[in-house]
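Read from first to last, the chains carry the letters A, B, C and D; within each, the first residue is number 1.
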Amino acid sequence: MAVQNKGETHWIIPDGFIPPESSGKQTSHESICVLNMQETTANVSVTAYFEDREPLKDIKVQVQAERASHIRTASLEKDGRTIPENVPYAIAVESDVPVVVQYSRLDSTQPELALMSTMAYPLNT
Amino acid sequence: MAVQNKGETHWIIPDGFIPPESSGKQTSHESICVLNMQETTANVSVTAYFEDREPLKDIKVQVQAERASHIRTASLEKDGRTIPENVPYAIAVESDVPVVVQYSRLDSTQPELALMSTMAYPLNT
Amino acid sequence: MAVQNKGETHWIIPDGFIPPESSGKQTSHESICVLNMQETTANVSVTAYFEDREPLKDIKVQVQAERASHIRTASLEKDGRTIPENVPYAIAVESDVPVVVQYSRLDSTQPELALMSTMAYPLNT
Amino acid sequence: MAVQNKGETHWIIPDGFIPPESSGKQTSHESICVLNMQETTANVSVTAYFEDREPLKDIKVQVQAERASHIRTASLEKDGRTIPENVPYAIAVESDVPVVVQYSRLDSTQPELALMSTMAYPLNT
């Protein structure tokens, strides 16, 4: 099976930000969207890099075989530490099997929602 | 003719979502935008991957030679099964000839519309 | 001079659409944003591919040396033919020297504006 | 240490624009988001290319080791010159060590905000 053809193992998202406020029907949030087309579970490690403090490294999540996961960054936690709201940061995603990663943000700080999305950047490891 | 120079045969969109509500003049929708610059029809196969159930594989669509198609995901159907609204999922697009694929979403759940778009991720097969 | 290091000569944008309506202070529009970092003028050729008719090929524009150009698609014209509003289409951009191309759309059909943007897809020619 | 695996040294953003007006709680702005995963400071040089005048070259900024920086384009300055508002332009980002670059814009010219984002385009130098 051509496992190498189903994605990359290291992805970067330089623009992370959890909006602190919401309005209307939809809650502001960010998602790291991971597709695992493999026949085995993907063991994923997320690192958050900040502007003025040490990185929060190696937050672990799993994505099952042949499944997609939209991981809300606000739900990520390691040893009781979470990613703070209202702080610009960046995200690195590593997986033990090749996956594909897209980043999206919904911001409803002001009364109507705004969306943005981009494919993450694959590092060729 | 350098057919290989006109795109790729396998594209991935990790962040799929059909918004369940609309308001105002425009209907919420997603589009898989495919450009076929070949001199022959592209036979395209779409697979939807979910978070908690088996993939819906091999939904077939065609894009004619030298034509662009904006495929609404809500219109995709296989054996009576469609992609459900309001469910996060991911999309894989395969074509028998090289094409180029972009993904866009218009969300008018709240009164004013929001747009997002990204190029799909090409798998090097 | 390492000319090859300053971009690509063939770029694709599968999701083109000129919104037919505007509201508020800003007019709905699309832009093909081209950066020419060369020391010579870039002679650019734009082709529009449609869903149900022949392509509109080889609309010519120029981008001067060391200049950026945000080309409004509504301004493109060849032999009196223009790209119609309110029609899904796709865009191919070719240049005689390497450039970099990004696509952006502002839609103010409903009272508040929406934005989307993505890097175009470079064909390796 | 595999330094080459942590990004690229030259990134391009063809669609730059600093919106001249804001409304509501959030100020219109653009950010060049840079992630430096190296163990040394990244010395970054930004060049702005315009439609009708000479480029503003080599504006210097630094990103510390293992830090992310969301650089507001309105804050960039060289010899008292800044990037003007309300003018379409393009951005080149060079770094002495490999980094990853994403571009985002928040436009609140009209009463509700709009967002757009895309990964910058890496030049293979």
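Just so we're on the same page, a residue touches a chain if its C-beta (ideal position, glycine included) is under 8 Å from a C-beta of that chain, and two chains touch if they have at least 3 such contacts.
Protein identities per chain, from UniProt: A, B, C, D = Sensory rhodopsin transducer.
Here the structure is a predicted model, which means the values were calculated and not measured.
Visitor: Where centres are the averaged C-alpha coordinates, which chain has the largest centre distance to chain C (Sensory rhodopsin transducer)?
Guide: Centroid comparison gives A as the farthest chain from chain C (Sensory rhodopsin transducer).
Visitor: Regarding the chain C (Sensory rhodopsin transducer) and chain D (Sensory rhodopsin transducer) pair, does the interface count as same (over half of residue numbers shared) or different (under half shared)?
Guide: Counting which numbers both chains contribute, under half are shared, so the two copies meet through different residues.
Visitor: From the mean C-alpha coordinate of chain A (Sensory rhodopsin transducer) to that of chain C (Sensory rhodopsin transducer), what's the distance rounded to whole Å?
Guide: 30
Visitor: Nearest whole angstrom, what separates the Cα centre of chain A (Sensory rhodopsin transducer) from the Cα centre of chain B (Sensory rhodopsin transducer)?
Guide: Averaging C-alpha atoms per chain gives centres 21 Å apart.
Visitor: Enumerate the residues of chain D (Sensory rhodopsin transducer) that touch no fewer than two other chains.
Guide: 111-112, 114-119
Visitor: Show which residues of chain D (Sensory rhodopsin transducer) lie in contact with chain C (Sensory rhodopsin transducer) when the two form their complex.
Guide: 10, 12-17, 21, 49-52, 54-55, 88-90, 92, 105, 107, 109-112, 114-121, 123-125
Visitor: If you look only at chain D (Sensory rhodopsin transducer), which of its residues touch chain A (Sensory rhodopsin transducer) in the complex?
Guide: Within the complex, chain D (Sensory rhodopsin transducer) contacts chain A (Sensory rhodopsin transducer) at residues 2, 5-7, 24-26, 31, 33-35, 37, 66-70, 100-102, 104, 106, 108, 111-119, 122.
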